[in-house]
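In what follows, chain A forms one complex with chain B and a second complex with chain C.
== the complex of A and B ==
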């Protein structure tokens, strides 16, 4: 093996992530010379689609940005529009929205933990191969995911691109009885989520820690979903209206998706690790205890351990859903009045993958003049490249094929939903002469 | 017979399966629609004996070509593209097979797509392919009755 040799890691199609793109890493000896996360799906046009549409259409239009996290888009859109219109929502609606989000967190986190990320740690190419040896595990995952889907279907009318969320509330709200019917499944899901924490904590993790700026919502009374101030471990503490003052989007030549940075600082990390590290004290006791019992306490700086953090958030989502169901009383009216008016509103909610920012400017007829949508995966892109720059250097001594696979795994730690930004990853490894094989 | 049209109505020819399901419903035939997410598909067909899945495919054949695969045998399909997290109908079938929950009779009607761009229309050739699939399904239904 020659330290003078160079090699390039290129992955043409990153498997088990949402979206299309390419990963290119060039190494000169043990030094990473270049990292590019290339996103090459045509840029999303949704911000343009929304212009001229009535604000009441925004939840249904933005839900179509992503098939796995439509509720996140609906929630960020609704909160931003309600802020622009000066609407206060009924406390029962607030409760229902949290429950709605719990459904999405459950199905999204289960999909990632069991079907996308776990195969990496167990040495399988995909969940199909994994199912041959771990059938009960996969069957359990499918049942768990179905429970999340069931919450979404009950509240949203259907699982994909739900249709009931509206400005001011919901077009239709469930009865207490309908929600109570979810209890049995959720109790099973809670126990299974606790098993998931124990199981994921036993997986083999590389020793890879970075010094991140974690960014997440923080709420005074709860683990954040729909509401809170935006905070970081480096002193950020702002309202959503100040987001664009503190964060910038940069265009990079090799990607159709913009890179987000903290102004004056650089890359940052959003998602489960950020939420966990910044809101550990707000987790319900059962989730905190589950984390502590497996030795997981903040700050967690190893992005590979995000699979365990997602399992802890599964425990949170199941426990939270049970509590919300017990508290629920149907609102007097499912939807507050939403008279049109000129206004600008911003909102940030916590999609499963991290903070999702929306801003809308409305005219006097309630039509959208401008829209801005910044998904979590866009915000993590630069951080993913920064991580790969460090991680690829660790892999200098690995055979090329193994290094390529490990780089692909590293990207999957972020559970990138690149379709929200753009699409799939291809990872290509380039090797120059005189490099080791 | 359970008929499932899969796809994404926002992505051009990826709407083929959904278009087929909607056409069948207009003609009085029961058909379901699904985005292709595996857990949903596995749940949909878990109690069915005879299933048809309709979806857009890319094989390199001419646009609008119709392929029929007997999914009782392992499918030699490439990775699902454009589905949520790269898990689509092909993976749903193989996962179902591994878990022992594959229906006794399951066929995939694939319509060769060309344009999957966001916001694009369904290609005229693909629309013709959808009609061919509809005709074939009616032949199947007539045989059964």
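== the complex of A and C ==
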């Protein structure tokens, strides 16, 4: 292939992501002239129709933004509203929320590692095809996923859009006995997660490192889920209330999702890689050791290794869930009283794919005056484009079909949830002669 | 890539299924992947020919069964659903978005242009319709599976029934029936909690009343719901017309029975 050659890669629909989008890469010779991650998922405008709803409805309404990570939406909404209303939650409620979130991390990470991303590394179109050659592996993955879902089901009634989370706590809390019944499954899940770390680390990774600004929550005593300050490897250290001062959302023509940037700096990365790099010391011993044993130490700058980091986070989530179950004593009341009053509250929690920011302003009747929601995928969107600009150039000598698949795989490293960022990916890579300008 | 060629050229005689997405949260199609115990059995019995959330192998139609998630909110989607209908022998809509317009149908009472200005800095970049509408307002639909989200066991029952050419066993009675079967004490009667159970179709297993909260209508209106009677009961429980209206306006707000019921206190 000549350096001046023209070639066009087109994929109408990028698969195995949640939602609808397209990717467009224009090459001029071996130079990448333009990268656009186009999100054509129709806008659903949650922030607008939340206005005038009662704050107690926000967790159920915002859960409907995403069927993959509804708990993340419920958690960010609840913490923001509780902050606006000045509610202190019971320590047992705090524990249960962490456990609830562990269930979602397990379900979502297993879905991504085995069903959405692994087929790329092994050259299968999908997990169904992968199951033909690797049936025991896929069966194991399904069982593992089911254990995450079982936690959610027990606590929230159902896996998708669970119904128990309430402002101030839960509508109903589980008994100790009910939680203890999960122990056996979780012990198996912990072992299987450790195997997952070893298995994912044996996959082939391209030699592709970038200089990222990693952004994640950091908490003094634990690996972050619901709480912490927002920090980065470039000196950011803020409270959720300062988020909008430090980050800007840009509206670009090619996308129905807004792009986030760090003010004065640019793109940044949120999600497993950022959490791992910024909170390695907070991982439980078993997860840290599993990472070290496969040669994974912070800073991990190769985004393709996110699949291994997700597996390490699976170890964390299983270990954490076991610990939480052992410590659990039911709260005296399932939820704290929620007064109606004016207030503004912000919260950030760690969705499986990265930080999720919510802000609500409430009036004296507890009705929502304004709402702002910034999902992880819109925060990663610009970073995905930056990666592809480098990666497409790196793949210049690669046959066209292979390069296209690899670009898709690179997008999937971020586990993008386009349903969240507004939704399906279409990839078009155009390679044009140098005359293009 | 070999695999793709192999699949394209496959002479499979299994029924072909396509999964299509419009404006939605992805949760209902995820229900298929969440059927962990049944998934490998299901994919053994059918050919998943088009399911972009799960596979990059996207086979051309026609499809024996098309599962459609999501509502119609853009001009482009209004055209796309026509094409999807042409390619599917049996077309099944899954979930509240596809059967009732979804939570995004809350825009139908508002000025959409103002909505867009609230969310987007440059409104002229956004193309959207004034209404979010269910699939059946655009094309004939063979079966509508309710729920926000759908019940995965009902989905499997529906696929099995369709393949076997029999009527699916999916009840259209109310959530109250499920509560009675679970021997739940009625939370509305005993504890005065506002509950949409009497007018909402069963399917969830009466989850909310089992978790000490009122039903909030995920499965939409049951067959012949008496919303007027429920409205007077809710008033007795101390709910304001505004609260009652909000209750009917959630994930199935545009289903006509709930739509009318939500006009409470406005001359009706």
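The working rule: the second predicted complex is superposed on the first by the 423 of 437 C-alpha atoms of A that agree within 3 Å, B and C clash if a C-alpha of one lies under 4 Å from a C-alpha of the other, contacts with A are read in each partner's own complex, and residues count from 1 in each chain.
Here is the rule we use: a contact is a pair of C-beta atoms (placed from the backbone, for glycine too) under 8 Å apart; a residue touches a chain by one contact, two chains touch by 3 or more.
Just so we're clear, the structure is a prediction, and the values are computed from it rather than from any experiment.
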Clash or fit (per the criteria above) of chain B with chain C on chain A: clash
Touching partner for A:57 - first (chain B), second (chain C), both, neither: second
Chain A residues touched by each partner, larger count belonging to chain B or chain C: C
Touching partner for A:70 - first (chain B), second (chain C), both, neither: second
Contacts of A:340 with chain B and chain C, given as first, second, both or neither: neither
Which superposed partner A:178 touches (first chain B, second chain C, both, neither): neither
Partner chain in contact with A:146 - chain B first, chain C second, else both or neither: both
Partner chain(s) touched by A:258 [first = chain B, second = chain C, both, neither]: second
First, second, both or neither for A:123, with chain B first and chain C second: second
Partner chain(s) touched by A:302 [first = chain B, second = chain C, both, neither]: neither
Selected from 79-87, 205-213, 223-231 or 259-267: the stretch of chain C that, after superposition, runs into chain B: 79-87
Doubly contacted residues of chain A, that is, touched by chain B and again by chain C: 13, 15-18, 20, 42, 44-45, 49, 64, 67-68, 111, 115-116, 126-128, 131, 135, 138-139, 142, 145-146, 149, 159-160, 417, 419, 423-424
For the chain B and chain A complex, residues of the former touching the latter: 8, 10, 35, 37-40, 42-43, 79, 81-82, 84-87, 91, 94-95, 98-99, 117-119
Complex interface listing, chain A residues touching chain C: 11-20, 41-49, 51, 53-54, 57, 60-61, 64-68, 70, 111, 115-116, 123-129, 131, 135, 138-139, 142-143, 145-146, 149, 157-161, 163-164, 166, 171-172, 249-253, 256, 258, 334, 401, 405, 408, 417, 419, 423-424
Chain A residues within the chain B interface of the complex: 13, 15-18, 20, 42, 44-45, 49, 64, 67-68, 111-112, 115-116, 126-128, 131-132, 135, 138-139, 142, 145-146, 149, 159-160, 417, 419, 423-424
Residues of chain C that touch chain A when the two form their complex: 1, 3-4, 7, 21-31, 33-34, 36-37, 39-40, 43, 48, 51-58, 73-74, 77, 102-104, 106-107, 110, 112, 114-116, 118-122, 125-126, 128, 148-149, 204, 207-208, 210-213, 216, 218, 243, 246, 250-251
